[in-house]
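The next part holds the structures, each set out as structure tokens.
Both of the next two complexes hold chain A, though its partner changes from chain B to chain C.
Presenting the complex of A and B:
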């Protein structure tokens, strides 16, 4: 009996909350907010809030075309691998104390899981055999190397701040620490790291001006150029979910101190904060900036963003 | 009751004996030749595997005096073999590699001539590395290093009709000999000072403190083992040798020859000199390791040859191992040897797939391959498993060991308050991403993309070559998913053995010998963290597998209806630049280079580092000499 309960609980975690259904809905919602707010900033009316849902179901119903040059299995499996890893990632991110999976290596596992959707995109594009995808995956890879360095430093900074002289790579411990000591964003030495993290988010998600890999105006969405129908729908969904995952990760790392006492209310608060962060770090920058070149993107991340993150790490190391 | 004490020496002697039997009986007949080689390899494997229970589980230390020349009056006269959990750990890596490489060689080498010579050298190399890790006598160790070096040189040059084979062998010969000479000089100085060659007795004799002579000996042997494990700046000949040697031998090189160097380094620093509580030695090893992993991976990013790329990754991964063992903590050492084990598994696997590609297509040039996943699907799966393991994606084994390395370096940083160790963590994490990027390049250039016209008829490699690949793949997944099992039965005993110097000395020289010489280190009772929930990961892995299978099956159903020929004709020269993953010479499209943005921003560094790897052996020898001099100076100033 107990086994059945455990299985059902875990299935609920994976499939409904905070897993598959929850991330998909919130992710698409955030994408809708992003599009709507962007449109208002550009003095357009913009699509309805649930336009991404319409787009998703429309694409799901379309025919899937597989190019002759493609490796069929990998071409089809790549979006699903990315999707599953994003769902798994959400299980590791605590919602203000509630966390279905917790190990003492969360941060490192997340760091690696975060690379899997990017790798899935690269491998899928590579398997499609298109020259545009070839350029796209090259840029995606350099983007990945670019944001990984500041992201690593930000995560180590938080780990050091929370752990002190012991070691802490556990997100739920980071969350508990903040509930006891107050959110980390209130700590001035961590503000450079928070800014660095905010700059990492758009590159990780791949929104303008950091969408060099997809760049629809020059290389026709790069890795996605040959995709159509359901696989394309899943890739679009992955991008939307990434928005949620990255902003949720930011929330856990820097706003972890909030706790209303109810899981449902906490989840709502999380979604609200994520929506605000989406507007700040994705929509706003999107509306302001034009797309960068890949070498400028790389240079930007390995100088400005890395230095911001490193300042925080040094400050935290000095005990400030 | 079987007497286990004879097993190690029989394993070593069996390999050496069969090396000559192959030449005598098997020079003409391939069946006799293969049988002798495989029996020797399997025999060694069985004999070493039989020691798992007495050593790992029961915690014995096996000491064996050749010809029963036991110590007289506290002086070791004869050659002794001493097998504790640390030796046995490395011996298991050696025999596993030898066995799988032996199975692979049967088909892989069948098109070559003079295979009698090949198997003689192959068994000599195997026997020498096994002897090196099992021996308890430092001069015996040197003899084994010499046999190892010269067998390796001859095997590198085995396909001497191929371009680069003799050149690679020549570089290996020069640098390898310099390394051996350094080790020999160190041993000679130690013998002059301590009047013994037995490692246990040396450790006891050095307990009273280091004199200038023993510091010099330490520096020379440190550099000598550095050459054997190919850490930067001693790494240069490795790339040429790994590329030129037959792939079954490249696998031996990366699977066990450089592990022998790592083993020597651990034995030297942890047991003989007991120097790992000195922060200067820790700093030296961690610095060398961090530099090694970075330079190795950046050089790998620039390669166009599959095997040469793997060779630079070998160097880079050994950097991880050296960094971890250099921490001097129990967690550090256990993560280091775990990564050494994983490196043997995944790099062996990757070399085998590279060999399969070479066997099937006749080339390892990344610019001329492509689209092989359609023709060689099984090899592609094995390659992807290896690539994901080396890049450290969960739940493969590379993730578990790399995670332990990050954990141990960052723990060291927080314990000591030294920011440098945190820097090592950051470098390790970034290098891991670069490794992933580099393997995506290989995936794109070899297995995906467009299939060139001349490779349309390529066939999957024979079953006998696939079996070792499958075994390696299975081990990569199992050791990652069942991390707790590996940690409990392999890593913990090996780590404790390295720290328990008293036990090591007492078992060889008699009870109380260590205490009489003032050595008090005993068992530290280390047990690794419980970081890995295997059941959980197995479930997650199953979810991914099921969802992928569903997609593939639904995709299969629509066959025929959805296949569309794109306009990108692979024969059209216009597109050629896109598919290799690297810029072709006529390309005007900068973005076609897979790391273009990265390389553009670091062009100064890449120009410098590629200029340094000039391919001139004089330069490489100079690096070795200069590095040895610097290490010696460092030791004299800081080690006390």
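Presenting the complex of A and C:
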């Protein structure tokens, strides 16, 4: 009997909350907020808030074409692999204390899982056998290298701040620490790291100024150029979920320690904070910036953003 | 239930792919005007797709020239079903002033089924939006027909 209950609760965690259904709905909602607010910033009416849901269901109903040059299995498996890794990632991110999977090395697992959707995009693009996808995946790889370094430094900074010399990689302990000592964003020595993290989010998600890999007007959405129908729908869903995962990770690292006592209310607060973060770090930059060149993107991340993160790391290591 | 949701979504999120088959660029500019903040076709879910694989509606402008005929047919083959073909302006309807030229192959309907034809030289952005909206509704009907 106990086994059945365990299986049932775990299935609930993976499929409904905080797994598949929850991330999909919130991710698509955040994408909708992004598009609506962007439209309002450009003095347009903009699409309805649930436009990404329409897009998703429409793509689900379209024919799936597999090109002759493509490797059929890899071509179809790539989006699903990316999607599964994103759902697993959400199980590690605590919603203000509630986290179904919690280990001593959450941050390291997350770091590895975060690369999988990008690698899935690279693998899927290269399996499609299109020259546009070839350009797209080489750019995606450079983008990955660019944002990975500052991201690692930010995570290391937080780990050192919370765990002292032993380094704490557990997200639930980071949450508990913030409950006791106040949110980490209030700590002045961590503010450069927070700004660096905010700049990493749009590159990780792939929104406008940093969407060199999927440049629509230039290389026709790069790795996605040959995709149609359901696989394309899952790739679009992946992008939307990444928005939620990255902003939720930021919330856990820097705004942790908010606890209203109810899981549902906590989840609502998380979604609200994620929506605000989406508008600040994705929509705002999208509205005011044109797309960067790939070499400028690389230079920007390895100079400005890395230095910001490194300043925090040094300050924290000095004990400030 | 899913089939109903999908059919409804078809009408709400049509992505456009634009093929210029020898147009004078007038209709192309008007189509771009439809997507600008003044007319904002995105409020109906319209989006310009970069590749025919992502498209639902193929917009053709211009009389079909000998050079573009083959490319047009190949492009139309790459669009996943259900799809709609919309012609913009007088050129794809009747070849307009280019009729009789040695390099013009004739109106669009000789090569493919045209779902919506928007007349005018060039049509107003309002007319284009109305035409595209009708095409989106046809798209939903085609999806429902696929279920049966």
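In this text, the second predicted complex is superposed on the first by the 320 of 320 C-alpha atoms of A that agree within 3 Å, B and C clash if a C-alpha of one lies under 4 Å from a C-alpha of the other, contacts with A are read in each partner's own complex, and residues count from 1 in each chain.
To be clear about the criterion, a contact is a pair of C-beta atoms (placed from the backbone, for glycine too) under 8 Å apart; a residue touches a chain by one contact, two chains touch by 3 or more.
Values in this document were obtained by computation on a predicted structure and should not be read as measured data.
Engineer: In the overlaid three-chain picture, which partner chain does A:220 touch, first (chain B) or second (chain C), both, or neither?
Structural biologist: A:220: touches chain C, not chain B.
Engineer: With both structures superposed, pick whichever of chain B and chain C touches the larger number of chain A residues.
Structural biologist: Between chain B and chain C, the winner on chain A residue contacts is B.
Engineer: Tell me which partner A:232 touches in the superposition: chain B (first), chain C (second), both or neither.
Structural biologist: So A:232 only meets chain C here.
Engineer: Thinking of the overlay built on chain A, is A:55 touched by chain B (first), by chain C (second), by both, or by neither?
Structural biologist: After superposition on chain A, A:55 lies in contact with chain C alone.
Engineer: Just chain B (first), just chain C (second), both, or neither: which does A:45 touch?
Structural biologist: second
Engineer: Based on the superposed arrangement, let me know which partner A:64 touches: chain B (first), chain C (second), both, or neither?
Structural biologist: After superposition on chain A, A:64 lies in contact with both partners, chain B and chain C.
Engineer: Which partner chains sit in contact with A:123 here, chain B, chain C, both or neither? Use first/second/both/neither.
Structural biologist: A:123 contacts chain B only, not chain C.
Engineer: Common interface residues of chain A with chain B and chain C?
Structural biologist: Residues common to the chain A contacts of chain C and of chain B are 63-65, 226, listed in rising order.
Engineer: Of all residues in chain A, which touch chain C in the complex?
Structural biologist: So the residues of chain A touching chain C come out as 35, 39, 42-48, 51, 53-58, 60-65, 132, 216-217, 220-221, 224-229, 232.
Engineer: Can you list the chain B residues touching chain A in their complex?
Structural biologist: It is residues 371, 373-374, 392-394, 399, 403, 406-407, 410-411, 414-415, 417, 419, 422, 425-426, 429-430, 433-434, 436-437, 440-441, 443-444, 448-450, 529, 531-533, 536, 539-540, 543-544, 547-548, 551-552, 555-556, 558, 562-566, 568, 570, 575, 578-579, 581, 589, 591-598, 600-601 of chain B that touch chain A.
Engineer: In their complex, what parts of chain A are in touch with chain B?
Structural biologist: Touching chain B from chain A are residues 10, 14, 63-69, 71-74, 76-77, 80-81, 83-85, 88, 101, 103-105, 108-109, 111-113, 115-116, 119, 122-123, 126-127, 129-131, 134-135, 137-139, 141-142, 144-146, 148-149, 152-153, 156, 159-160, 163-167, 169, 226, 294-295, 297-299, 302, 313-314, 317.
Engineer: Contact residues on chain C for chain A in the complex?
Structural biologist: 2-3, 5-10, 12-13, 37, 40, 42-45, 50-51, 53-54, 56, 78, 80-82, 143
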